[in-house]
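Note sheet for the following structure.
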Amino acid sequence: MIKKKVSTVSEALLGVDNGMTFMLGGFGLCGIPENTISELVKLGVKDLTCISNNAGVDDFGLGLLLQNHQINKMISSYVGENDEFERQMLSGELDVELIPQGTLAERCRAAQVGLPAIYTPAGFGTEVAEGKETREFDGKMYVLEHAFKADFAFVKAWKGDEAGNLIFKGTARNFNPVMCGAAKITVAEVEELLPVGSLDPNQIHIPGIFVQRIFKGEKFEKRIEQRTVRKRD
Amino acid sequence: MIKKKVSTVSEALLGVDNGMTFMLGGFGLCGIPENTISELVKLGVKDLTCISNNAGVDDFGLGLLLQNHQINKMISSYVGENDEFERQMLSGELDVELIPQGTLAERCRAAQVGLPAIYTPAGFGTEVAEGKETREFDGKMYVLEHAFKADFAFVKAWKGDEAGNLIFKGTARNFNPVMCGAAKITVAEVEELLPVGSLDPNQIHIPGIFVQRIFKGEKFEKRIEQRTVRKRD
Amino acid sequence: MSLSKEQIAQRIAKEVKDGYYVNLGIGIPTLVANYVRDDISVEFQSENGVLGMGPFPFEGEEDADIINAGKQTITTLPGASFFDSSLSFGMIRGKHVDLTILGAMEVSENGDIANWKIPGKMVKGMGGAMDLVASAENIIVAMMHTNKRGDSKLLKRCSLPLTGVQCVKKIVTNLAVIEVTNKGFKLLERAPGVSVDSIKDATDGTLIIDGDVPEMNL
Amino acid sequence: MSLSKEQIAQRIAKEVKDGYYVNLGIGIPTLVANYVRDDISVEFQSENGVLGMGPFPFEGEEDADIINAGKQTITTLPGASFFDSSLSFGMIRGKHVDLTILGAMEVSENGDIANWKIPGKMVKGMGGAMDLVASAENIIVAMMHTNKRGDSKLLKRCSLPLTGVQCVKKIVTNLAVIEVTNKGFKLLERAPGVSVDSIKDATDGTLIIDGDVPEMNL
């Protein structure tokens, strides 16, 4: 068994540097690598390109890196709910590339599994396809989209073992699995870090081969964006 | 919840006809849809095109359909261990298209997830790429391979529920998940067919949306091709 | 009487058939789930990675790890499953989802839709909308017939950046049910008490009126 | 003395480094697992969908649902995982597997390999071999130096249909360890007691001999 466990978030982030491209898992504030983001704020690395479906909110998630002016460019599908983001984008401080959510997922997966590019119908005929190669298959038009290239992928899982195997919970799964192995180095933070042999080989969502470093997150706030409930009858 | 359960294998195979293209899960004799194959032999449908990694052995798996001269064309990656297969192929009775195993998997997945084609490096520079479009990305050459089109996908799972959700066991998983939803109709045979709510939503390998019909297989022989064991010390 | 948002949802719910997997967008579409008949089997997919969504959780039972695409806390029903974003959009792109209901800022008479960007004003992003409209065979737009300034949202050509081209099949607004045909917007039903003329007035694109137009049955 | 198949495997095992994920082909490569040092951490992947393969099961404990790519019953070690064929080849194509060891019928001096077909005679198929050789950065071929008729399997150009082009980096045979360079086969090591001349005789392609060639250390 090849050990991937590191003891601290700072050890997990060794090698992180200015100007790098990061992939970050999560949808909204759900399943985001909270501990990693806090450490990136502390480290103060700058001029980052971040590939992540959303940009957090003003005071949580990627919003923290934005507040700190550490991000140069965001590649996302949806960036609402974030005033500071909007301000930086409109003022030109922040470069933003908006792409369809399914395209984002598949460009991550392409990088993960060694496919150079994919054809997707999403965005054909819209400004998203401008300047991109398009092509017809069976009477339908598709856009050629390339695999991402990133230095680090930061993901958050529910349970993990020392071999780097991961299990996600609920919709906190989202982009996390498809980012594993899609960058040069994949760092996973988990709520529970278990000894090897604790997880059923049949129920592992991401095999450890896709993960280089794994650590137990110190604290998970797991903030809820839209608390919607119903009253008991 | 949308119910997918049917009571018998014959109900599960309604609509199966001569000249159709089938996908069949399994690697070697591991995880093959045994009950479906037996029924296809009984039905005697002919002129079939079968997409399956292997062609079974002489007296089990797809070998049974071959014995019965029901298959016109096989699309596979490896067809050893089958004398009747070799005889039919060399005599020209059987049309055989051999493609790399990873290409087979990805052409199934492409059909499943609505990608029209994929670029893979496998087979570049070999006769597998003859007549196919090739293309360079980042200095490496790739072959364009198209999504499969099939009428039925027949898969075998370990546990399933009435909503069509599937869980596979061990290496009997193989091609089964990527064939689900890759044909017009997907039929799953399972060892255990459970009431809805029995499976943990977090541990489902294939959501029921990819499966049209599910039934409990009457009998699983699960033949072993190479029984390799070691002696106890 | 022009329909309320709830009534638009109620009318759209009648388009939901037994055995459908349905993706509901944010806003009016989300309300559709409340009006689907009890005697048919329907499953709701949310593109962030869940199939088999149920109602909101009871107070105190909300789970930050179980949300829908609107980032709202939800529950799941028996038979539900969770999956990653790649498989989720595989369901959508692979045409396994039977019906997509979403909002729009503009729809054109050839079925183009715009709902993700107002240049210089609002740039929140397309989220999953571009994938949904590019792949779904059955797309219903739920929206008000006119915008806040009273301008028609059913146009000859969209003025805003497109989300998808020639994809909308049906539109349900506060005034009408409209089918998008290759000749333009075909008026199928009127909201109760709303005249054909007032719908004509509120529609910028070509409106096809073919004989008597019945009132909606909610 | 020319090496036995076990000794070829033993020599190749020295190429397996700490932290490597390794894919072993059928035949001699399978034997390599028996000789990997105990003090390093290595995981074996089998392309039918398992990572963390262990030894064969004890008699009576074999499970038809747990096999390797050679269709042999196997066991798994703690930390193992099962996955589908698409993710399995994703590991391979995505270069997550560090070392691929496989057999060959022919290798050419530019690193081409042929191992899946003898026209008119044997057509079993390529299985996963074409994916493996097209993607792996580190490929070692394990084979006998000559075939049953005594003909060299290290050629100027392959005569059989190719499995992959310019991909083999190293070859370990019963006679020698050879590196594939852009100038041809470079002789790195001799089997104990085997002369450079006899290796030359058994090699059809260009053999580069650079100074003293040491004997293998098994």
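Chains: A, B, C and D, in written order; residue numbering restarts at 1 for each.
The working rule: a residue touches a chain if its C-beta (ideal position, glycine included) is under 8 Å from a C-beta of that chain, and two chains touch if they have at least 3 such contacts.
Everything numeric here is computed off the predicted structure, so don't read it as measured data.
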Set of chains adjacent to subunit A and to subunit D: B
Computed distance of Cα centres, subunit D from subunit B, in Å: 28
Separation of subunit A from subunit B, taking each centre as the mean of its C-alpha atoms, in whole Å: 33
Geometric centre distance via CA averages, subunit D-subunit C, whole Å: 56
In subunit D, residues with contacts to at least two other chains: 50, 82-83, 86, 89, 92-93, 135
Subunit B, residues touching no fewer than two other chains: 106, 109, 114-115, 120-121, 168-170, 201-202
All chain pairs that touch each other: A-B, A-C, A-D, B-C, B-D
In the complex with subunit A, residue positions of subunit C that touch it: 46-50, 55-74, 82-86, 88-89, 92-93, 112, 123-131, 134-135, 161-166
Residue numbers on subunit B that touch subunit A, as the complex places them: 106, 114-121, 137-138, 140, 142, 146, 167-170, 201-203
Parts of subunit C lying in touch with subunit B, wherever the complex brings them together: 19, 21, 41-43, 45, 50-52, 76-83, 86-87, 89-97, 135
Partner subunit C, residues of subunit A touching it in the complex: 27-31, 53, 76-81, 86, 89, 96, 98, 100-106, 108-109, 120-128, 158, 168-178, 205, 222-232
Subunit C contact footprint on subunit B (complex, rising order): 1-3, 109, 111-115, 161-163, 165, 181, 196-197, 201-202, 204, 207-210
